[in-house]
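Below is one structure. I have some questions about it.
The first chain written gets the first letter, and so on, giving A, B, C and D; residue counts start at 1 in each chain.
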Amino acid sequence: MTIREMLEAHPQPTSGDLDVIVRCIETCIDCAAACTSCADADLGESDLPEMVRCIRLCLDCADMCDATGRIVTRQTASDAAVVRATVQACVTACRACREECERHAEHHEHCRICAEVCGRCERACNDLLASMD
Amino acid sequence: MTIREMLEAHPQPTSGDLDVIVRCIETCIDCAAACTSCADADLGESDLPEMVRCIRLCLDCADMCDATGRIVTRQTASDAAVVRATVQACVTACRACREECERHAEHHEHCRICAEVCGRCERACNDLLASMD
Amino acid sequence: MTIREMLEAHPQPTSGDLDVIVRCIETCIDCAAACTSCADADLGESDLPEMVRCIRLCLDCADMCDATGRIVTRQTASDAAVVRATVQACVTACRACREECERHAEHHEHCRICAEVCGRCERACNDLLASMD
Amino acid sequence: MTIREMLEAHPQPTSGDLDVIVRCIETCIDCAAACTSCADADLGESDLPEMVRCIRLCLDCADMCDATGRIVTRQTASDAAVVRATVQACVTACRACREECERHAEHHEHCRICAEVCGRCERACNDLLASMD
């Protein structure tokens, strides 16, 4: 992904630790895509009725990760309270989605991968929150 | 907007008080549009350099309201923790955007309107949070 | 919705016929919400396996209407080719979603409503395209 | 990015050439992030009034790439007309954004990078369109 290069070329000083910010953005972007794909893969499974909660939480997580990736990307005139509340909501969405995907990880490889990506995103978001204190 | 009719036609019982949920969704949708328009109107103003923080917070608020509107709309297999964290982040984004827009409300009518819409969305989100306790 | 007031307060002249633009934005926003809700309602239906294509097309239509609503909302430095291609893609997404929802309109009221909203959005988008020639 | 692994784990056969689809999704995702960042970097530049068209086209391109990345990611019950119209609109948005960013590439490194990413996304989208014929 090009986001690190973009932030290095930004005219304003980064709003915090560049490595931590880049990892948060990259995992949000990756997690949004994985969740969009996992919800769609669930729709193609033969045990579809058992996957309803997984689809729902993947759709929520994709929407929250998309918004968080965009908001954390922006470095001009950042509002720390907005960034913090957004990243906290993203942690909650990733955790709920990861826990549901883990329940299906043994029989659906896409759920196993999606749970892993959600876990990575949770950690990267928590690292960003810790760095903001 | 059609969202009330849609939720009334939903096969599952609504996850809470229908009026409160509908008002939260409708104000999120309206606020996302107002913020997208306000950021764009700012770009056309002659005092553009003074509007940078307003543009930034409008873009964040639009993204957060979009995600919140979608997540609160979904009624199947809702996760209360995800809904709550999302709506809280939306309140924070609306408040920051409203406060900045209020600073420009006297000389830019679009900021005055946008501040009002953000305030309505804040209240509707807080009402939803109160109804979930 | 507040979008008409916002566009009337915009510092730049509107990029075309205000009524046509406002109707396009409002129906895109309404259609995005209806499609998000219809996909979610489908997930709660007992004939879920028959609703897979409906869910898929509702998710696509919601994403395309969201992007189109945002792009048509922006009035500063518009690029007519971008607006036109976006609105055309929105027409295609609405038509596909409407046709699928119509197939389920008799047994699912949310599909009947969603098909109607998609049809309105199609027409409003086509009206905008016609006004741009 | 994890999207290739996710598509390989999908229960349904891919709707076309996997390599071409993955490259289209990955460049859409990367381009959405680069454009979000470029619009934000423009807001921090001292020649901000000259960057208004660049900001506008970056915001449009980010929205269109986000929608396209999501729609191309979905493999269940794909509608070829919807995919084609979406990807065509994405090509148009990327081209307009790339041409504007190229005008600023010499004095703003973030515009040079963003123009490159838009060009890659344009080509990946055109490759997907060619593979669908």
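Please note the rule applied: a residue touches a chain if its C-beta (ideal position, glycine included) is under 8 Å from a C-beta of that chain, and two chains touch if they have at least 3 such contacts.
This structure is a prediction, so every number in the text was calculated from the model and none was measured.
Note that among the pairs B-C, B-D or A-B, A-B reproduces the C-D interface, with over half of its contact pairs the same by residue number. Comparing chain pairs A-C and A-D by the number of C-beta pairs in contact, the larger count belongs to A-D.
Mean C-alpha position of subunit A lies 19 Å from that of subunit D.
Between the Cα centres of subunit A and subunit C there is a gap of 27 Å. Residues of subunit B in contact with two or more other chains: 40, 43-44, 52, 56, 59, 66, 70, 74, 76-77.
The touch graph of the protein chains shown is complete.
Within the complex, the subunit A residues that touch subunit B are 52-53, 56-57, 59-60, 63-64, 66-67, 70-71, 74, 76-79, 81-82, 84-86, 88-89, 91-93, 96. Across the complex, subunit C meets subunit B through its residues 1-3, 5-7, 9-12, 25, 29-30, 33-34, 36-38, 40-41, 43-46, 62, 66, 69-70, 73-77, 108-110, 113-114, 117.
Residues 40, 43-44, 48-49, 52, 55-56, 59 of subunit B touch subunit D in their complex.
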